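There are two complexes below, and they share subunit A, which is joined by subunit B in the first and by subunit C in the second.
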Partner chain A sequence: MVCLPLDAGAHKFRHMADRRLREFGCEQNLLSRPDGSASFVQGDTTVVVGIYGPAEVKVSKESYDRATLEVILKPKVGLPGVAERSREQFIRETCEAALLTALHPRTSIVLILQVIHDDGSLLSCCLNSACMAAMDAGLNMRCLFCGVTCAIDLDGNIILDPTAKQEKESRAVLTFAIDSVERQVMMSSTKGAFTTAEFHQSIAICQKAAESIFQFYRDSVGRRYSKS
Partner chain B sequence: MLRRPQRASKLHQRVMNTNSLTQAPWHQTTVEPLEYHRKFLKENCRPDGRELGEFRTTTLNIGSITTADGSALVKLGNTTIICGIKGELAAPPADAPDKGYIVPNVDLPPLCSSRFRPGPPGEQAQAASQFIADVIENSEMLQREDLCIEKGKLSWVLYCDIICLDYDGNILDACIIALLASMKNVQLPEVHVNEQTGLAEVNMKKKRHLNIVKHPVAASFAVFDNSILIVDPTSDEENLSTGFITVVIDEEEKLCTVHKPGGTPLSNEKLQDCINRAITRNKEVCKLLNKVMKSMKAK
Partner chain C sequence: MQVWWNVTCESLLRCPRHSELLVKLNRLLERCFRNSKCIDTESLCVVSGEKVWQIRVDLHLLNHDGNIMDAASIAAITALCHFRRPDVSVIGEEVTVYSVDERDPVPLCIHHMPICVSFSFFQQGTFLLVDPNEREEKVMDGLLVIAMNKHREICTIQSSGGIMLLKEQVLRCSQIAGVKVTEITELIQKALENDKKIRKEGGKFGFAESLPNQRITAFKIEGAPVNTSEVEETVEEITHNTVPPTEIVPSPILWASGTAQIGEGVLNTWEVEEPHESEEADDKSMEEEEEVSTTPRHERKETVILSDSEEEEVIILNPDKTEKKFQKQASNLHEDTASGSRKKKKKKPSQLVK
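Entry: the complex of A and B
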């Protein structure tokens, strides 16, 4: 597993380090059966996504003017519960806004996310891997999106991309999905109480961090297609 | 049996409502619903006569279920939500021996709308339950320590059953009001653990209210045509809109939840508009709540 080089020695730079994303990486097209797949690693948090579609749809779920998007989130252990259902809703509605589902009416697009390891910022990792997988599947999108999580600790410091431990110790955890066109908030999911000022500050920090993720998307796609 | 005048007037109201709906040419509402709504929004109003930032009439009835420990019925226009809270005794959780449990559950039965089918709860119902649980935890409306009777041995479990009777959009706001009002209505009997026998003794004669320290109130918005924000959407408006956002805020203007499950991206200014509207909504609802509580005491 990739290690954060900053954690190795420089503890006095911790605050600076906390305003940065953990090391992240991605592998696309790692599964052979799905139409698109990706695994996204953020620190130790890892999610694998497979996309099937546009494919046949159940009559009960068919919509006449657009593709039906189904999102299935599998936890690392055990059966999916209410928390997973809620996350699925977040991921599905974000993808629905980004994907041009109107191009494939009366079909279904199925997105399956498998959590490999959860070390904080899980929802943002799910969103990033979903976006990479959608790119791999070659689905038409009106914009890209990325997920960024930040935590507000007891002293009011904002920590970017928190680990599970940092999330537990903090007062509030906020996750945003940022779109690639206008850099605005597509999705927002929050835990804990916070002030309006802290909310806007968090958005600003996440928007800034989103830049590096979008640059990463661009670089990885560029690298992939320049080789072949 | 003679029909009571109250019921008759309600029936009359229903008829009036359906009449006003049929007044709009059917081809507009059925064939081109989006165009129909756009025409209104262009004039800064909505098909039911509201302004963009106006909530529907909120009615609140507290203590509607006498068999529950606390209950409330909320109407937001046609949307009707009933909440009942029942207290039970159980051993406290192993990881927090000085706390009790609060278990919210939102039920969207087929009765309330044709969009729900019988069977296990659907995604919307489960997501709503999770949302309510998050709001309870984030807002810290009551200290979970208050529900503990004896550390590590006995504590209260509050089952908050929220049932939608009529679905006409914006159930989250109505659910939060119903939950808050019924929490304020809960009266739990005094319980002692008998040291000799180790059994719980319930004194039904002595009852006390819960200590509700925060009053979170939700305000929901729908995004129309990727740009126009409308508050408190009806079911029709929900179907046509491109995004939702629910802001939950307490009376100290602290945000408890900013719930935006995808949809159209919103600018920071728009988000701030939502927060400002939520602040005034909190005042409106708290005022209504106090008024109803006062009228109950007067009886």
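Entry: the complex of A and C
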């Protein structure tokens, strides 16, 4: 993360009150083998997740007091590389914080994500689908989490939920994982150069956007389990 | 042409036995597509003898509920029919590859569409099941896979499991396969037509669109506007009012030219105690603590620990002068050196403070 010195007095960010999140879609329980599965669609970006657990774990990987969480992210084409590994780590850290792994010692929870299509904000789509899959599997969680991406373009405007084209043209891309209880930031992943003020602005904007995402979670789960 | 498998299904990821299954499937698919010459490989040539297009099919197995073969063959052939490769022009020796924006990409030349149909046999051929699911596969005696195209030509046939089949049984299976393949080919054609039409009209296409909205487990909403204006103002206020925490940076101490120290080292918490010296150790450690309070900045507790040595030394190499021993501190204290070291400790700081 490169922080440029704060230019006091200069308001570089225009107030874009009409920021939009792209179209959202989610389907739960679409795969029969995993304990929980979900597919999450943000615009054109689609990720399918299967979650297995708590299940048996190899003795070398077992942990005496908590469940071992493994995350595997498969790209659309080719073998997983360094970028996938780094995303796996982000997702893993967030899930470790949210899932109550201490309730299942000496077991393993495996999360397998498959990228179907990447049209921008891939990491936040992965986080959202991981949370929905964990809900579908019925794993105990301390809080729900969601991922929001925003991009800062060359003029200093903050774009919410950018497409791949917008991400390419921007000077910084920031992804935050936000928890549902207190809207705090659980994980942040940034790429590019930006000022501390822009960083704070992005966090605030993402926290606001997270509210709509949590409402979406509520609505989709409500639709599934309601009797009407 | 290459077929590449990518397993998302966790149970298959783990089992080493299943990798054998994947190899078998891979081989069958390759035979089915490559040997049946469904794709015109000659049209993939760019400069004969030098450049050629290579096609790679990546198959992602999302869920294994039986009969991966059929699903894989349908997916692969549909993907190949749907695929468009970049246009290429060869003028003499020069080869120009046009990007997607410059010229419309060109579809592959596909002669026919081979589709696999699997049959599982139970009880020495008495019972036959088409399209077995996972549980049925686990208990079956043998498997027969027939790859056929809609012209009723058999492209590949494979029998595994070691069951003996009668001629009539195989013929019957091929008839069933013929019927199935015609249905499936129609379905694929319809889907491809649909996609072509939507792309021409400029509508939305892709996997995202195929999310079924009628199902109770699926939910879709339109893009949601997020009103962020008040939030931005509050953030500006907060950032204006907060003062960044003052950082405490200890000032560096220059020991010799090229050697400086920032901060203090950590106290040595390793205690190597021997029973007969424990009393003396206590006394000595108390004395050390006193010294710590008097000359806090000039003591470094430990850095270099030699393997079996009982002394810890900090030696600062001075580039101009010869080696100077700065401090000696005994961990297992010997009486002789203890007093000497104490004296040295008291002397050294005064010498160095210039």
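Things worth noting here:
Convention: the second predicted complex is superposed on the first by the 208 of 228 C-alpha atoms of A that agree within 3 Å, B and C clash if a C-alpha of one lies under 4 Å from a C-alpha of the other, contacts with A are read in each partner's own complex, and residues count from 1 in each chain.
Heads up, the rule we're going with is that a residue touches a chain if its C-beta (ideal position, glycine included) is under 8 Å from a C-beta of that chain, and two chains touch if they have at least 3 such contacts.
Computed from a prediction, not measured in an experiment: that's the story for all the values here.
Comparing subunit B with subunit C, more residues of subunit A are touched by C. Of the two partner chains placed by superposition, only subunit C is touched by A:T46; subunit B is not.
Touch criterion met: A:Q184 reaches subunit B, while subunit C stays clear of it.
Applying the stated contact rule after C-alpha superposition, one finds that A:E96 touches subunit B and leaves subunit C untouched.
Contacts of A:E88 after superposition on the shared chain: subunit B is touched, whereas subunit C is not.
By the touch criterion stated above, A:E62 is placed in contact with neither subunit B nor subunit C. When the two complexes are overlaid on their common chain A, residue A:F194 makes contact with subunit B while staying clear of subunit C. Looking at the shared chain after the overlay, A:F24 reaches subunit C, while subunit B stays out of its contact range.
Once the two complexes are overlaid on the shared chain, A:K74 sits against subunit C while remaining clear of subunit B.
On subunit A, the patch touched by subunit B and the patch touched by subunit C overlap at residues 196, 200, 203.
Across the complex, subunit C is touched by residues 11, 13, 15-34, 37, 39, 41, 43-46, 48, 50, 52, 72, 74, 76-78, 110, 112, 114, 116-117, 160, 196-197, 200-201, 203-205, 207-209, 212, 216, 219-220, 223-224 of subunit A. By the touch rule above, subunit A contacts subunit B in their complex via residues 82-83, 85-86, 88-97, 143, 174, 177-179, 181-182, 184-196, 199-200, 203. Considering their complex, residues 123-124, 126-127, 129-131, 133-134, 137-140, 242-243, 245, 250, 253-268, 271-272, 275 of subunit B touch subunit A. Residues 6, 8-11, 13, 58, 60, 62-65, 206-208, 211-213, 215-229, 231-232, 234-236, 238-239 of subunit C touch subunit A in their complex.
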